[in-house]
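The structure under discussion is supplied below as structure tokens; questions concerning it will follow.
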Amino acid sequence: MLSTRKTNWGRWGDDDELGALNLLTPDRVLAALRLPKSGKTYSLGIPIQRSGVPNLEYRGIPQRLTMMNHQDEAMARANGGAPGVGANEDQLVMPSHTSTHMDALCHVYSDNKIYNGFPADEVTPYSGAAKCSIANVGGITGRGVLIDVAASKGVSVLEPGYVITADDLRTALDAQGVELETGDLVLVRTGWLEDYLANQGEMMPQPGIGLEAAAFLAEKDVALVGADNAAIEPIPFDQNVYLGVHIILLVEHGIHLVEHLDLAELSADKCYEFLLTIGALKITGGTASPVSPVAIG
Amino acid sequence: MLSTRKTNWGRWGDDDELGALNLLTPDRVLAALRLPKSGKTYSLGIPIQRSGVPNLEYRGIPQRLTMMNHQDEAMARANGGAPGVGANEDQLVMPSHTSTHMDALCHVYSDNKIYNGFPADEVTPYSGAAKCSIANVGGITGRGVLIDVAASKGVSVLEPGYVITADDLRTALDAQGVELETGDLVLVRTGWLEDYLANQGEMMPQPGIGLEAAAFLAEKDVALVGADNAAIEPIPFDQNVYLGVHIILLVEHGIHLVEHLDLAELSADKCYEFLLTIGALKITGGTASPVSPVAIG
Amino acid sequence: MLSTRKTNWGRWGDDDELGALNLLTPDRVLAALRLPKSGKTYSLGIPIQRSGVPNLEYRGIPQRLTMMNHQDEAMARANGGAPGVGANEDQLVMPSHTSTHMDALCHVYSDNKIYNGFPADEVTPYSGAAKCSIANVGGITGRGVLIDVAASKGVSVLEPGYVITADDLRTALDAQGVELETGDLVLVRTGWLEDYLANQGEMMPQPGIGLEAAAFLAEKDVALVGADNAAIEPIPFDQNVYLGVHIILLVEHGIHLVEHLDLAELSADKCYEFLLTIGALKITGGTASPVSPVAIG
Amino acid sequence: MLSTRKTNWGRWGDDDELGALNLLTPDRVLAALRLPKSGKTYSLGIPIQRSGVPNLEYRGIPQRLTMMNHQDEAMARANGGAPGVGANEDQLVMPSHTSTHMDALCHVYSDNKIYNGFPADEVTPYSGAAKCSIANVGGITGRGVLIDVAASKGVSVLEPGYVITADDLRTALDAQGVELETGDLVLVRTGWLEDYLANQGEMMPQPGIGLEAAAFLAEKDVALVGADNAAIEPIPFDQNVYLGVHIILLVEHGIHLVEHLDLAELSADKCYEFLLTIGALKITGGTASPVSPVAIG
């Protein structure tokens, strides 16, 4: 086990597939509704497009393809459409782990097991994940907390490959005057995404939270961790542990992850506490879902 | 023009691409945050899968394909992964107008124009919609109102092809003790989806709101209209006007539409007013986005 | 083992991934080149399109999507294109076992083994088949022989579900005055495809060769078996043996299969012997390839 | 018009969609059958895979995805399969102009017209090309001629961006002792593909035939031109005429093109004349087809 704390396996029952999302009780939801002050809406998703955004080559680029437009108006006409009336429709072809997306608890396995001890060999080509698929998540709402590590360090972006420590998180929280609470949806800002979008630089290396920082968040009993980078964790991996932070958070603690979040506007507004809502698509058997999280400040 | 009311073209400027979503002001958002009483979270999206859900044949079925699983663990090993550690990933291939989805304002055109008078011929294969694409939407939050027409009529599902009238909407609202307000996100329940899912029946015909009911909602200055059926409007179309309700709401009034909503649980709980959040994926040039709307009751 | 004959496992070495295609020696190819008399070219592939052709629902329909057309001419202009100059390009999304296609030897397994005893669990999501993928095939040429069972029986199409016997094949060959030779590429006509295309009927049941007829072809040492139906074998399966003919031919004898062949014109011309060329796409790890076989009569 | 010769528009009728493939008469096919001496089969297609082969980023990489394997054996079991019996199947997602492919005559337009004067605006998203789609081609067979320009110049690969002249073609043909004939399927070898595959270098610049060489081949009344590079023509384009060679051959003369051919083995064997068969998939409305050409030497 990578973390020092006991894991969450069995904590919500041997059949549990939700993990730390169980912490999002109605009471906590109601409390989160009282946080917003400005009523301003923040969209935290990035554009889904072929280029200009972080796309990893081995997965292929996401493609929106026009399936039908005004040139196909004969189809509308054949169904009784008046001249000049028609519909535009797309097809989407995209990796589920591209763009802003939420990892399902089945995404990563360790010791041949996913969260809660379910076997790793139950993700099959046709049916997908038998357990802990993204279809279990649906919509979630709770208290969102931004930990703006880049701002706390007074830089626009952390160094490539920088390993964020638990102390870094604590220092940033202190500077922000915010305390973590059970069931928080924690979003960590490294500045990486803004830098990438502005400069169209390299995907790797990337800053991210290290193993110790992951264990710290797990100890705090947060419900979800997000970040503006590609993998929450740094690349190269902290201490060279392949997917180490995924293993601590996703596998051991059942904490869902959201990657490639656009946190620029929250940071600019110094909006550190907010209502956060994420609607994961109920992709049957899915290992992730593209998401468009919504914060209300 | 199909509606009796003047349209919303130009109302928010000649360059406007948001339409009635402009009505979601911070004040209205803050007011909506005060609606929830139970703190219960409702997921209004339906599963995305190859069968068992409403998929139209000409668009093809949505497919989640496993791109990588434990059988490909050699890839993880080559990157330093320990034995028994790996990742599961998918590819998605799906029509954007399938499953629970939000229509962009560019989705339908009439008289060769989309909302706000933009020309209909600016949706191109590679780039998609130049104006009013779904990428403009991002996340929205507001007061959700369920109009449970099926319940109001004491049936589990309206007759196939039934045309919902403005009176039907008024009667249901009265029975619920709810009044429409400017900027509401209105969800109409016909019972069709529940019936389809339970009985795996035919896609057509379907009940839906008629032209008059659409004009009524537009007059009420709602910000969005959703329903549990495939097209908001009935199929066959009211008065045989091809896409008539889409034309009134989407084209003439800039009112976004959300289709295939799962409203069963809201109906069962008689939850008629709620906080509603919808995060549309920022698909550049997209004519729609699959969504997983979240209601808090 | 389903066939009475010893299998071809090991016949061409323990590492062999080509199976009976090994029979296509240069001498046999040269002999086949001397068969054509008219010089007429026959295209045996069927159209690849969303509807009107045999597509199985669980695989999804094949889609050709326009990725770029004259509406995107700005892209050409940006690269120096003159006004009025541009390119049209597609994206293809399709199951590999749809339309006219060749099954790779890895397509079916029995007793957890594919042809030549390779283990069945070596087809992985990301990499595909480690052994006997369609990429091994490339192009093949040889003596094509049509066995027109429907014509031999004086019908346009065999009964749905009809099980073609070895005697049926022998009778048809006799009527045609043709003898099978080692290394032949044998195409069996049931009339099913023509009937389906003409009447847009049901996919199932289908006529096809039974277990005994498959064993007969294997005994004859043919190099490949094709047919105008969906699965070479009848559906429902002969003697209810699931994929029984696939097991005899593909698994036990390493005989590649080609399905959904358009044999109408060869039949009309009573062209029973011909030069047959099939170019399988070298899809790395692929379990099949769409093909467009070419016969010269 | 870019070429000096009159074009082929109208030559085979105002409705013609085949262009120079009309030259492949039965007599020429029969003559081509007499060319092979060794009976050796050459596969000229390259592998279709995500990396290691020439893929252009804006089109996305081709993907073979495992739709079903032994892990989904429950599906086979539900249909009566015995334990240990099952099927492996793929889905393909790929650009039609990637890998070894044949351009349809509708692929490129100039002066807003494709071959034979058909309007350029008849390629629509849903239906594809109304005229001159790849579906018209099917299978073709004829006399293949390799013009090994790289060998003729004594190099393994021509310089990046090198513009092959008509003289280069004539010199190579003379050195080979081969004369072009009407209806030939001409394959030009630059060495580029072998160099790319061996060194995984840059896609651009590339050597290719220039405008004058294209006009020379058109004058010779060839039926098809192929090459081992990405676009037949050099990149950057000869005389900076965007798609100039495509315009001369494809648009003006109705000469189909085949790109990314693997000509290494033909070159090594000094096999300059051969039987060449190409089966284009009948993709309805398609602007190209992946192909796996077969040469018999």
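Labels for the chains are A, B, C and D, by order of writing; each one numbers its residues from 1.
In this section, a residue touches a chain if its C-beta (ideal position, glycine included) is under 8 Å from a C-beta of that chain, and two chains touch if they have at least 3 such contacts.
On a predicted model such as this, the values are computed, not experimentally measured, just so you know.
Look at the contact of subunit C with subunit D and you find the same residues on each copy: over half of the numbers used there are shared.
Put simply, the C-alpha centre of subunit A and that of subunit D have 44 angstrom between them. A straight line joining the Cα centres of subunit A and subunit B is 23 Å long.
Counting partner chains per residue, subunit A shows two or more touched chains at residues 60, 63, 65-67, 69, 71, 91, 93, 121, 124-126.
Chain contacts in this assembly form a complete graph, since each chain touches every other chain.
Touching subunit A in their complex are the following residues of subunit C: 63, 65-67, 69, 71, 91, 93, 125. Looking at the complex, you find that subunit D touches subunit C at residues 24-30, 33-34, 36, 38-49, 59-60, 64-67, 69-70, 76, 79-82, 84-97, 99, 106-112, 120-121, 123-126, 128-129, 135, 138-141, 237, 240, 242-243, 246-247, 275, 277-296. By the touch rule above, subunit D contacts subunit A in their complex via residues 50-51, 57-58, 60-61, 63, 65-69, 71-72, 75, 93, 121, 124-127.
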